[in-house]
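Below is one structure, written out as structure tokens, with a few remarks after it.
Labels run A, B, C, D, E and F following the written order; every chain starts at residue 1.
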Amino acid sequence: MKIVMAIIKPFKLEEVRDALTGIGVHGLTVTEVKGYGRQKGHTEIYRGAEYAVNFLPKLKVEVAVASDQVKKAIAAITGAAKTGQIGDGKIFVYPIDNAVRIRTGETDDNAL
Amino acid sequence: MKIVMAIIKPFKLEEVRDALTGIGVHGLTVTEVKGYGRQKGHTEIYRGAEYAVNFLPKLKVEVAVASDQVKKAIAAITGAAKTGQIGDGKIFVYPIDNAVRIRTGETDDNAL
Amino acid sequence: MKIVMAIIKPFKLEEVRDALTGIGVHGLTVTEVKGYGRQKGHTEIYRGAEYAVNFLPKLKVEVAVASDQVKKAIAAITGAAKTGQIGDGKIFVYPIDNAVRIRTGETDDNAL
Amino acid sequence: MTSKNWLRAGLPALLTAMIAVAPALAAEGPKIDKGDTAWMMTATVLVLCMTIPGLALFYGGLVRSKNMLSMLLQVFYTECIVLLIWVLYGYSLTFTAGSGISADFIGGFSRAFLAGIAPDTPAATFTVGVAIPEGVYVMFQMTFAAITAALILGSLAERTKFSAIALFMPLWITFVYFPIAHMVWYWSGPDAIDAAAKVLAAATDSAVKAKAQEALDAVLADGGYLYKAGAIDFAGGTVVHINSGIAGLVGCLLVGKRIGYGREVMPPHSLTMTMIGACLLWFGWFGFNAGSNLEAAGSAVVAFLNTFIATAACAMSWMFAEWIVKGKPTVLGAVSGAVAGLVAVTPASGFSGAMGALVLGLVAGVVCFFFCTTIKNAFKYDDSLDVFGVHCIGGIVGALGTGILVNPALGGTGIFDYTINKVAEYDLVAQMIAQSKAVVITLLWSGIGSAILYKIVDILVGLRVRSDAEREGLDINDHGERAYNM
Amino acid sequence: MTSKNWLRAGLPALLTAMIAVAPALAAEGPKIDKGDTAWMMTATVLVLCMTIPGLALFYGGLVRSKNMLSMLLQVFYTECIVLLIWVLYGYSLTFTAGSGISADFIGGFSRAFLAGIAPDTPAATFTVGVAIPEGVYVMFQMTFAAITAALILGSLAERTKFSAIALFMPLWITFVYFPIAHMVWYWSGPDAIDAAAKVLAAATDSAVKAKAQEALDAVLADGGYLYKAGAIDFAGGTVVHINSGIAGLVGCLLVGKRIGYGREVMPPHSLTMTMIGACLLWFGWFGFNAGSNLEAAGSAVVAFLNTFIATAACAMSWMFAEWIVKGKPTVLGAVSGAVAGLVAVTPASGFSGAMGALVLGLVAGVVCFFFCTTIKNAFKYDDSLDVFGVHCIGGIVGALGTGILVNPALGGTGIFDYTINKVAEYDLVAQMIAQSKAVVITLLWSGIGSAILYKIVDILVGLRVRSDAEREGLDINDHGERAYNM
Amino acid sequence: MTSKNWLRAGLPALLTAMIAVAPALAAEGPKIDKGDTAWMMTATVLVLCMTIPGLALFYGGLVRSKNMLSMLLQVFYTECIVLLIWVLYGYSLTFTAGSGISADFIGGFSRAFLAGIAPDTPAATFTVGVAIPEGVYVMFQMTFAAITAALILGSLAERTKFSAIALFMPLWITFVYFPIAHMVWYWSGPDAIDAAAKVLAAATDSAVKAKAQEALDAVLADGGYLYKAGAIDFAGGTVVHINSGIAGLVGCLLVGKRIGYGREVMPPHSLTMTMIGACLLWFGWFGFNAGSNLEAAGSAVVAFLNTFIATAACAMSWMFAEWIVKGKPTVLGAVSGAVAGLVAVTPASGFSGAMGALVLGLVAGVVCFFFCTTIKNAFKYDDSLDVFGVHCIGGIVGALGTGILVNPALGGTGIFDYTINKVAEYDLVAQMIAQSKAVVITLLWSGIGSAILYKIVDILVGLRVRSDAEREGLDINDHGERAYNM
């Protein structure tokens, strides 16, 4: 099993969620994060002080899928999250040993 | 070494923490997340507009443990976080190559 | 490829970011987290009620790097985040199978 | 006043002497009572509080946090710029006599830069012989102009350029607000009418009588168009609420919907702020309504009481309607109802009886609830913060309701006729025609005028922000700041 | 008044003439001064501000964010519903004469629907010959009823159903508040007593004297039970604070503890809001206390000054007590102290001297601090926001303290006796008995009455939300909204 | 007053009689009008609102959230402790006659513990024959002392120990504020001067004349140093703003920069709170400025109007300056401008004409903007919330501007000379010298005095928190609480 973790633009969440449920994913977990990358930030001005703000609001979406689903998940996320402009974000995939559903104790694919 | 990552209901944090310290875990890291899954959300109404809110507040607990501790950790979390109702959450386990304590530079199990 | 994930003290973020860009890292993702560990919390008092607060604000920095960059990244983070006092945090390294840049579809090292 | 009454009643022996000195007395003109001055200063500061921070927070809480500062600054800017225009020429255009054919619609420049207003220059109230310092009248009315303009911002929220707002407001206040306020509220005042009427009454010779009648007619002709049409609007149902409400609707149609409207979740970022704002609106509205009486007298107390009752009734009406229809009573529903009640009672506040105000509030709550939910959803216009549904519709309910509730038979005060020095006969049909006329003319003038001004602004600086700026939020893009850094 | 005095003092030549016209004068009744009307309208709006947004924010800031809106709406609802009931029948039941044996405890329906109150109908103040428009008296007292009911909500916070609150409030205000307010505050007024006393004084013939005495006795008998018992309560120590405080305690015992109480961390979600609320409480409390004088006179200034001094003293007293005992001075401690000081000085504000108020504040701070920390922890009841510890205990300290501090020897004003037209002799024991009686009767009436009403509500709709709803928060479950979407 | 005028004008037949009773009249002293009392109570509560919650939120919003509560509590504490000191001995030291050589600089203890102030004790206003209850004068001035002290806190924000603040404030208010307020505002009052001048005018015999002149001189000599120097300061440009501004600057230099200042991002944690605070400052400032007239008369309306105009002008001036120079109009800029305008108009508010106030606002906006951005950045001192740049610089602009704008030729009121009972001849040079003297003496007294007091506090308890506590935030470390638990 794998976790597909995507850093996306915040307003793309609904579309990404829809794309994922479209390929049969039933659950995911979202975290508010700040991203630093090639996308330029903006300048904030507070009276005398000007600050270059380089950390931009992003969302991290984590979805656990069976290994054979990874490609489809990546395609779904890429399709939904892409605006074509710098800062669209990244997808990282990492392996997990195990998954457990707390309520039932089911494990692995049954836990999803 | 592994990281045991659990998505739990927010009000279960104290119990999970206690269960983990009970098995000798000395540290953990908690993140506020929003979860989407089988658990139904609720409807919010703001004047004319009604929204189905499907993302529910959850906590992500990450705890790094020696590989032989994983089972105990899963058992501790499951025991403490379970209410038996839908939405209790998941546990995912993933391997880590390495751990470092920033203060001392200690690595691996010594770093925990 | 690996993700180097560091839990650091919040006010060290700028220094860690600078240290990482110093070694050629172009992107990273930051999450606000609460850490529980050896570092003592504080007591809060609200009228009659006193609470021992053990969860302290920390930042989680995640940076994806090519495998051969891991050591440098760890060194950079350790150097920048260290105050020598308890609670400086941890670094965990975990492997990733894959990275994708959403905007372009580039993968692996090209995606960073 | 107390002591004057006391003397009149208690010292008949002196009355003869008093008659002898009557001319001296008359020459002195109306009197200023410190109780009135104290109350009008208080009322003015209360109305200021309605707009900043009241309205700013009420609106600000309803937008997404990325647009919070833009809302706050737009309201704050509007307050400041309208205030400055008011003292430069707005007061004069609104509350002085105009000239020629346009006199029914707009005043002149005799008070521009507040020329001729000394600390103790008197301004008429609604009572013969009672005045307040003109300076406080200037300020009190100033705060009305400011809030009216600021109300519009709710329709344009979350997508309109700050530079467009900065240009639109001075134009709108000049070409829409000043004329409408002049039409409804400008008149020659009770003392002039009373004096002319007394001369007429005293006239015995028919030539003198004719001349006196002519003089009285001239005094009566010195007023705004809708005032002369017999429309009554105690504190601004037409001038403030219908006016801003229709300008808002036109604006939201021209600016277009927010990106994601109807698809994305756009919940209020802080209903706490909206609640604070609503409470401050209510708080300040006592100054607005009871201050509109211009005197700290029993008649102000009537307006004050109605401002309590209609508001509470309307809040409950909306809240229970929502509870029944949608299944849950909400904070946003209750406070929207309170605001709708305040709007509806505004024109009626000094005219209605207490139970009339209660009924008015109950009706307004259901009507506005229906508009902001069912009707708006059916037409799918993006009046972001429901300026039309609450202020325009509530204002219409109030303007028409005032025509009914002023009826003394329903506990209303009736309309005082200064020429005969008593309450006039009530005539439902005539009154409703006058009220409807005021509603329609306000809708047309403000609707068309606003549309033209939006177009001009669109051509000059553009109304709408770029779509990525809208996504990222107006705060960062227009102002380079964020509301919260927690 | 100014000019009246002036005339009295300055024109002795006229006095003879005045005596001749005295009947005419008397017939005219008390006079309304615009300064008083201005002040009472201001005071009324200040008291409104205490509840919404003041109390709503003070309480709201102390709950967890998931229950913020429920707190805000419960307070807002209470304000509205009490206000409507007040104009329908509450004012009448509280401030008119009742009939028969119940007259000591409750009034009648002669003023139901505010019948008979015209714009200039006078209401008595505490000074012979001085009145205010009855409408403003209605409203001022209305805001008292509303805040008293709303105070209770702090004890029930975070677990009580909105529907239970919606039902409880109308019942409680009717069966608990109106009777207690009637008992303490209803009297025939200074003019009636003064007139009757004057007739008695003028009587020479013994038959006439006896009749006059009878008439005076009837006037004096026309009052609430505790008023006649000699209890003094300037602005509501018993009626408002002990009353709501004990109702809160009974409520929290019947509703039960919040899930997790004593185990889970339940910190205030926004002490910023609590601070704003506390400041607005203080701000509005000047209307509450100085407005209770009903005139903008030196005696109102006394109440105003005491409201400054006792509050600051109590805030400092609590803050330093906490600093010494717990090691740190806290925001919540300082503002709790301020509120406790406001509570304690409420009954005393018009009676105490400045230094008396200072001492009262210092004492109340330490006593309430001790109650909210030590005593409450010992008994382990979940009075969520310390309504009992602050309002009931603070109210008792104030009610008893008033009995001591009213003593002219301690700088107090003494108690004015209208039958002899001067301050009465001070009697510590008699006064303390009267004060204690008022405290005990309020505790019993409100405690028992509230318990019965809670039980009725529990049977009809249930007091408490389901446990998963409590976990998730009342905002989502009762209202379908969230306070913050950042 | 109304009726007095009326009598004077209308009843010449009575004048002869009045002359006969004149001594009786004079003996009675100045009269209290309820309208004035109502207004002064309102003004007092408005000024309280400026500090808590106004200033507390304005400042609090600008700090990082970890220091929010420390800011709130420091302001709240300052309000309370200054208030208590004021009633104990501060009022007396400021507003009673001192003795001997120090009388120019500080008063005596005759009013300590507010001794001798009964409910109706009159305090002089600026009009002969008009008084207000001394109690309300005590309170009104009390709120000035409190806000002045609290303003300093902005310079010391985010790094100063609470215990240091707790000690500094009582010292500073005693040794810096009371003397400066005494120097500028203490005088014998209009009635005393008028009476003495009348005696002099009536004197015919040269011996009597000499004695009368001596008596008048004594009355005129009974005043503070700067008052006698001819400096005018309507509502506190020197006493409040320059005074606190320089104390702030000295403080921030002695406490040192915040850790990370100039390197780390330190954005305001909630500009929403700052906006609320700014609006409440403006709201309350009407009490501050128009209340300083002490009467609800036309002259108060002048101050009120100027408080509108200068503030709006200055907000727009700063906002547009920033828009032009930095490219974006900001919320913080607009509200900083509003505050700067309020500061600048404070000394001028009762003296300037409306258009003068407009110009003053425009100038102050640009000057203060320049100071808070360019100058401050150049000198790199960490005046965290710009107390110096806004209050001291704005205060100087206002103090000097007042000297110019009081000129009747520019629409100003001129300066009333009670000895001749009319407005004095205006003399630019003399007036500017007097104004400059007031500015310089305030800068020196407060600058040096504050430096000494900071040093004393540093020795006794230490000014600055430990660096890890500063990192973690003052809320947790000094108060054991967090502002937000969302």
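As a working rule, a residue touches a chain if its C-beta (ideal position, glycine included) is under 8 Å from a C-beta of that chain, and two chains touch if they have at least 3 such contacts.
Keep in mind it's a predicted model, so treat the numbers as computed, not measured.
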| item | value |
| --- | --- |
| Minimum number of chain-to-chain contact steps, subunit E to subunit F | 1 |
| Neighbouring chains common to subunit C and subunit E, by label | B, F |
| Interface composition of copies subunit D and subunit E: same or different, split at half | different |
| Pair exhibiting more inter-chain C-beta contacts, A-D or B-D | B-D |
| Subunit C-subunit D separation of Cα centroids, rounded to whole Å | 56 |
| Intercentroid distance (Cα basis), subunit C paired with subunit A, Å | 18 |
| Centroid spacing, where centroids are CA-atom means, of subunit B and subunit E in whole angstrom | 50 |
| For subunit B, residues contacting two or more additional chains | 31-32, 44-46, 85, 94-95 |
| Sites on subunit E at which at least two other chains make contact | 1, 3, 33-36, 38-39, 42, 267-268, 270, 276, 326, 328, 330, 332, 480-482, 484, 486 |
| Pairs of chains satisfying the touch condition | A-B, A-C, A-D, A-F, B-C, B-D, B-E, C-E, C-F, D-E, D-F, E-F |
| Complex contact set, residues of subunit B against subunit A | 2, 6-8, 31-38, 54-55, 58, 60, 70, 74, 77-78, 81-95 |
| Residue numbers on subunit F that touch subunit D, as the complex places them | 1-3, 5-6, 9-13, 33-36, 38-39, 42, 46, 64-65, 267-272, 275-276, 279-280, 282-283, 286-287, 290, 295-302, 304-305, 308-309, 311-313, 315-316, 319, 326-332, 334-335, 338, 354-355, 358, 413, 484, 486 |
| Parts of subunit F lying in touch with subunit A, wherever the complex brings them together | 265-268, 322, 326, 328, 330, 332-333, 336, 372-374, 376-377, 386 |
| Partner subunit F, residues of subunit A touching it in the complex | 44-51, 53 |
| Subunit F to subunit E touching residues, read off their complex | 1, 3-4, 7, 14, 17-18, 21, 24-25, 28, 31-39, 41-42, 44-45, 48-49, 52-53, 56-57, 60, 68-69, 72-73, 76-77, 79-81, 83-84, 87, 113-114, 117-121, 133, 135-136, 138-139, 142, 162, 166, 270, 273, 276, 478-486 |
